[in-house]
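Down below are the structures I want you to see.
Each of the next two complexes has subunit A plus one other chain: subunit B in the first, subunit C in the second.
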Partner chain A sequence: MEFSEEQLKRYSRHIILPEVGGKGQKKISGSKVLIVGAGGLGCPVGYYLAAAGVGTIALVDNDHVELSNLQRQIAHSVKTLGVNKAESAKQTFEALNPDVNVIAVKERISSKNILDLIRDYDIVVDGTDNFPTRYLINDACVMLKKPLVSGAILRFEGQVTTILPGEGPCYRCLFEEPPPAGLVPSCQEAGVLGVLPGVIGALQATEVLKLIIGKGSPLKGNLLIYDALGVNFRKVRIPKNKDCPACGSDPKIKELTDLPEEYCSI
Partner chain B sequence: MKLILNGNETEFSDDLTVAGLLKNLEIEPVRVAVEVNLNILKKCDFKKHVLKDGDAVEIVNFVGGG
Partner chain C sequence: MEDIKIDKKLDIRGEVCPYTLVKSKLGVEDIEVGQVIEIILDYPEAAKSIPAAMLNYGHSVLKVEKINPKEWIIQIKKEVED
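For the complex of A and B:
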């Protein structure tokens, strides 16, 4: 594809970067990214990827916009209260950049639909708000060898990592099993600083763009932890676990399952 | 003994297990993963694993919000 005059202007600050250039911008325009969750993290990730001109962005969310979301979920507004979140974010991203094909998937992701949903995408972004879905996304991405950029937030702490199946550790290498249901509080129960998903989502979007253009070092094998109160970024090296139930040499997990609903209280 | 706890050198009493360290820090073991010298410990080893002077310990919270 060739860029129009308008597109050359829109992406000029990318194209001028030697690491991106016209070649990198074409890669961005030709890429397909699926974001699970159009909430605190999904909004800034999708917003920046839409601005960057990612060709296709799918948003998966079956939830609806509520007033308590608007303190941090920046793609939604009072105009879309009650609207499906994937649909609400789609409207915002399309208004920002009509070049981008935004697909709203108004379903809850589960073991039944996840493989078909992610199969055609280049990169998956985890912006979910519960552990069962986090583990499901990890296991599905390991199975299909899909790059996964994972982010998580609570109170004043955020975490980011990039999982490249076959090349580095997965989420289960660090956290083998989910915590017992109800023991780790949710943002609804424990709160979250509204700007925190902005920081973490911007880091996730950066990782996605680096993977697309193939520049820099991805955050693989490392978990980046951001402590907003102490203004501290800590990178924890995560070794690959050869006995990992998802990506080890003899994985126990051979098919996907959904964890019980009570885990979803996060 | 000195431990490198989350990247910072910190002084602790000797013969401390990982479970003891978490108790000391008032951290509930089920809410974290613990890495000692780049090895992720299994939860069932928290009580057995005795820390040594100079060990690098990383405590990572379970964070699942989005």
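For the complex of A and C:
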């Protein structure tokens, strides 16, 4: 691929970075990223990846834009109230960068469709709001050996980790099973500072771009915890669990299942 | 003095910053380590900023020469992989 004059201008600040250059920008343009959830996290992740020129971005969400989303879900607007979130975000990202092929998948992700959805993508981003889906995405990525950049937010605190199946621990190495329903409150119950998913989503997008260009150290084997009130970033090491039910030496999870949906939604 | 073998020539006359650097950087990416690129340009700022940036990337600047009142040539030897 040769850059057009327009692309040279659009990506000039990337191209002059020694770690990116023309080679790295071409890798970015050739990459395919799937984002599960076009909400608080999916919006900034997709926004920055579209700006960076990621060639194909798929957004998976079957929910519709509501007024209560607009405090933090920055790809949507009053003009797309009632519109499917994946479709609403697709319009925003395409307006930012027409180079990018944005695919809106207006489905709820489940054990039935997840493997087919993620199979053709290079990297998966978890921007979901509930534990059953978080564990489902983890298990599917472990099965297909897909890099997964996971993020979570609540109140004034967020977390990010990068899971590289086969190279480092997975989400189940950290917590084998999801917490019982109702133990961890949802954003709907507990609230979330609107800017928090922006911080965590920007960190996830950074991890994705680093994986694509192959530079720096991924957040593998570490959980990065951000406390907005105290302004603390803590990196907590996650050891790989050899008995992990998903990625251990003799994994118990051999097929995907859907956990009951009595969990929250952001 | 022995003439330097030029492996690639790049004409960026008419370009301004930062595209002078963008195109020079891409030009250097197109040659192999040990090869030399000669860049001709007419944007005065770039006659200073491109050699500085190339040194920063780890390459050698073999020549910066004002060839007439409005144009410069710069020779860069690629020293490191991109």
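Quick notes on this structure:
Here is the rule we use: the second predicted complex is superposed on the first by the 263 of 266 C-alpha atoms of A that agree within 3 Å, B and C clash if a C-alpha of one lies under 4 Å from a C-alpha of the other, contacts with A are read in each partner's own complex, and residues count from 1 in each chain.
Keep this in mind: contacts are C-beta pairs under 8 Å (C-beta built on N, C-alpha and C of every residue); 3 or more make two chains touch, one makes a residue touch a chain.
Keep in mind that what you see is a predicted model, and the values were worked out from it rather than measured.
Of the two partner chains placed by superposition, A:4 touches none, neither subunit B nor subunit C.
Partner contacting the larger number of subunit A residues, of subunit B and subunit C: B. In the superposition on chain A, A:159 makes contact with subunit B only, while subunit C stays out of contact range. Of the two partner chains, subunit C is the only one touched by A:12; subunit B is not. Once the two complexes are overlaid on the shared chain, A:186 sits against subunit B while remaining clear of subunit C. By the document's definition of touching, of the two partners only subunit C reaches A:21; subunit B does not. Looking at the shared chain after the overlay, A:101 reaches neither subunit B nor subunit C.
Taken together, the two complexes place no residue of subunit A in contact with both subunit B and subunit C.
Residues of subunit C touching subunit A in their complex: 18-19, 21-23, 25-26, 29, 53, 56-58, 82. By the touch criterion given at the top, residues 3, 8-9, 12-13, 15-16, 18, 21-23 of subunit A touch subunit C in their complex. Within the complex formed with subunit A, the subunit B residues making contact are 6-7, 28, 30-31, 33, 35, 38-40, 42, 58, 60-66. Of all residues in subunit A, those touching subunit B in their complex are 37, 39-42, 126-131, 134, 151-154, 157-159, 173-176, 179-180, 183-184, 186-187, 192, 197, 223, 225, 234, 236-239, 241, 266.
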